[in-house]
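Here is the structure we will look at, set down as structure tokens.
First chain written, first letter: the chains are A, B, C and D, and each begins at residue 1.
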Amino acid sequence: MSCAGFSTFGQKESNNERIFAAYSVYKGKAALSAEPAPPKFCKLDSGGIRVKRQGYILLSFSPAVAERKYDWQRKQIIMPFWAAIKIDTGFEELAVMIKVFALSATEVGALIALGPNGSCEFFHDPAMQTSNAGQVRKSFSIRANPDGTGYFMSLNVVNNIAKTNDRFSLPITSAEFAVMRTSFSFALPHIMGWDRYSSQVPNFKEENSTKVGLKSLSSEWDR
Amino acid sequence: MSCAGFSTFGQKESNNERIFAAYSVYKGKAALSAEPAPPKFCKLDSGGIRVKRQGYILLSFSPAVAERKYDWQRKQIIMPFWAAIKIDTGFEELAVMIKVFALSATEVGALIALGPNGSCEFFHDPAMQTSNAGQVRKSFSIRANPDGTGYFMSLNVVNNIAKTNDRFSLPITSAEFAVMRTSFSFALPHIMGWDRYSSQVPNFKEENSTKVGLKSLSSEWDR
Amino acid sequence: MSCAGFSTFGQKESNNERIFAAYSVYKGKAALSAEPAPPKFCKLDSGGIRVKRQGYILLSFSPAVAERKYDWQRKQIIMPFWAAIKIDTGFEELAVMIKVFALSATEVGALIALGPNGSCEFFHDPAMQTSNAGQVRKSFSIRANPDGTGYFMSLNVVNNIAKTNDRFSLPITSAEFAVMRTSFSFALPHIMGWDRYSSQVPNFKEENSTKVGLKSLSSEWDR
Amino acid sequence: MSCAGFSTFGQKESNNERIFAAYSVYKGKAALSAEPAPPKFCKLDSGGIRVKRQGYILLSFSPAVAERKYDWQRKQIIMPFWAAIKIDTGFEELAVMIKVFALSATEVGALIALGPNGSCEFFHDPAMQTSNAGQVRKSFSIRANPDGTGYFMSLNVVNNIAKTNDRFSLPITSAEFAVMRTSFSFALPHIMGWDRYSSQVPNFKEENSTKVGLKSLSSEWDR
């Protein structure tokens, strides 16, 4: 199904203003903040609305530069993630991405399904489908503490072009992880676009009711 | 309670546009996509709105025809499921249904309650309540991998009239299953129509308040 | 806080139409249907809206009168539950209530917390706070099957005035119970009125912003 | 990012009326009620909306003064929590706070993650960041009953200035705790402001579609 382009100019008027409501965890050496990004839709020629690009949960790491001061600036959150990845990825753009990791729906699924002793790791290539593919490897990992008191979350970025290796990591308590699990579970249907499937009651046009009245529909599983 | 017919002509104006936001899993031999379908309502003569037909979660299977290419066309998703089953089911219509399986509310309940070692299987007869009843048997099954790393989902369609036996199956990781469990749990109240029971604050008409003020209502369980 | 009475005449206009979307389970000897009822609100003299009466989940039992035919009529669902209990409870009104059981928020909590081997029982006195208090005892129980394949739900009504003892019971599969657990969990915040606490973005009046700008608020747990 | 002040005068018009829908548990010696408070937002100079102050779940304790009579008055719930803490905290204001405890998002996470044998305790200093810091210590604790039948919730307030030590505690059944877990899980994304991240379909401006049509966006995890 071909999908017509769309304008987002109208968004401001329709309450689609950018929201900043990250859940942030501040620890001695680094801080971590998480916030959802809704999907992008496009309009089908045949009518209807299709998800053009799935949403995600954006994890942002910031090293501590002093006590209770974190270096959020270098991350340049002002520039939206999807804008950054639209640009043909080169050195500068990779620098923009160095401290963020966008969890897909399935990666969110892995995180919320994690047991008290579980661990998981995801690998992203920010230069995928460019001539620099394979040169930069980002990995995000969650590992349970052996004593069951929580988890350790790490972002590792190996850049073979710039010869850099950045690592950000911080402990997450069970309580903080419970906030993530609950809020990520809440956000998951939204980043998939499933909150658009509402069971809205149709506009009943009573004058037409006898003419267009539906026959009793039997499904495969009606008994 | 008799239920008057209704028109859906008015839906387009009221933001009831068809949404395409399936969750899709792509594997070597097949792909699987899932999306919810809201219930159909009708208007009661006595006032009020009744669910005429429950919603469902539609699972669609597609065999891989080449690397990363899947045969979605044969499924004809453009034709809505309920339209397909409305037609008196014959050969052609059965062909339309061959790769889809519509999970009812209770079948969704079975799926989301599945433990890490659980399995379940559902049987549908697409020709039920027609003269071809019993000739075609569709079965959808979920089986846990012995090593606990995920599940195996299969759709099997045995058509005794056409003498065909189609089988589609693919592995589902624990993370993918967690996405399904979470999003299906989110969708379940919607396909039941329960999202319509909102606790809306009534329009308070203050001029009438002394006259029609309600007595303190005591329920059986107020103490 | 005193709570002014309110009129519900305006409800029809504001999309507050009665919804019929019960989840129903049909078994050999009886059927059971469940549907939520939102709370009733009243307007406070001091401004604001208060829950006047909590909502509930209404369970309705119907004995089978023939194969796949159930006696729903005797239950008189057309008459709303709260109207029935408002009337000073006598013989006729008790008859109205004989096949329904309204689960409070806490009783819903007990049901959704039930483990695979758990059981629970609730007792209601429909004549509570009348001169017939103690004469009629309704009890609803859920018991797990010993083999872990599901539950057994029963409603027992002992009426010492009419010298009657009515009992309705039916098996509930694990899948059906999962639908109840998920949909009751969804409905619970709604019957408590908590879906009214939305984090709506206020109307920002920019012309006033310097005058009424809030100081940075520090809570007890801001660090 | 600097955050402009805002007025809440406009709230009444936009359905932002104060809601009173606490979940209350009444026991022999005390009562406990819980209700969520949504976050406060502010408008960014750069456009967009930011959470200025996270929401919370407010726990309020009241000692029983007679059978089924509880001393709610001393708590002065009429005065909103954030107003109380805005005032430079002195003796009188501390008295206002003596029976309430505001659970942050992470503390709510700890509560909902509590296993059947778990326990947790949180400490707040209502005079934090004032000259009286450290003089008053409030602690809220949840402890599982050894027999697994529920929990015990306590609020302890030690005031070294007034030389007072107040303690309120009451038993919570497993069913009551399930209501709290479910409703607090529901409320958690709301007190974080995450319910504002909706995947609203943008206003499609078809006249512009060819000019501003987006290129196919590939994310790191699109395959």
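Keep this in mind: contacts are C-beta pairs under 8 Å (C-beta built on N, C-alpha and C of every residue); 3 or more make two chains touch, one makes a residue touch a chain.
Just so we're clear, the structure is a prediction, and the values are computed from it rather than from any experiment.
Shared residue numbers account for under half of those found at the interface formed by chain A and chain D, and the copies are therefore classed as meeting with different residues.
Ranking all chains by how far their C-alpha centres lie from the centre of chain C, first place goes to A. Relative orientation of chain A and chain B, expressed as the C-alpha superposition rotation angle, is 90° to the nearest 5. For the pair chain B and chain C, the distance between mean C-alpha positions equals 26 Å.
Centre-to-centre spacing of chain A and chain C amounts to 36 Å, using the average Cα coordinate of each chain. Residues of chain A found to touch two or more other chains are 17, 39, 49, 107, 193, 195-196, 201.
Across the complex, chain D meets chain C through its residues 4-21, 23, 35-43, 49, 52-56, 78, 82, 85-86, 102, 104, 107, 122, 124-126, 128-129, 138, 173-179, 182-183, 186-187, 190-191, 193, 195-196. Chain D makes touch with chain A in their complex at residues 1, 39, 44, 46-51, 105-110, 112-113, 120, 185, 188-189, 192-206, 208-210, 212-215, 217-222.
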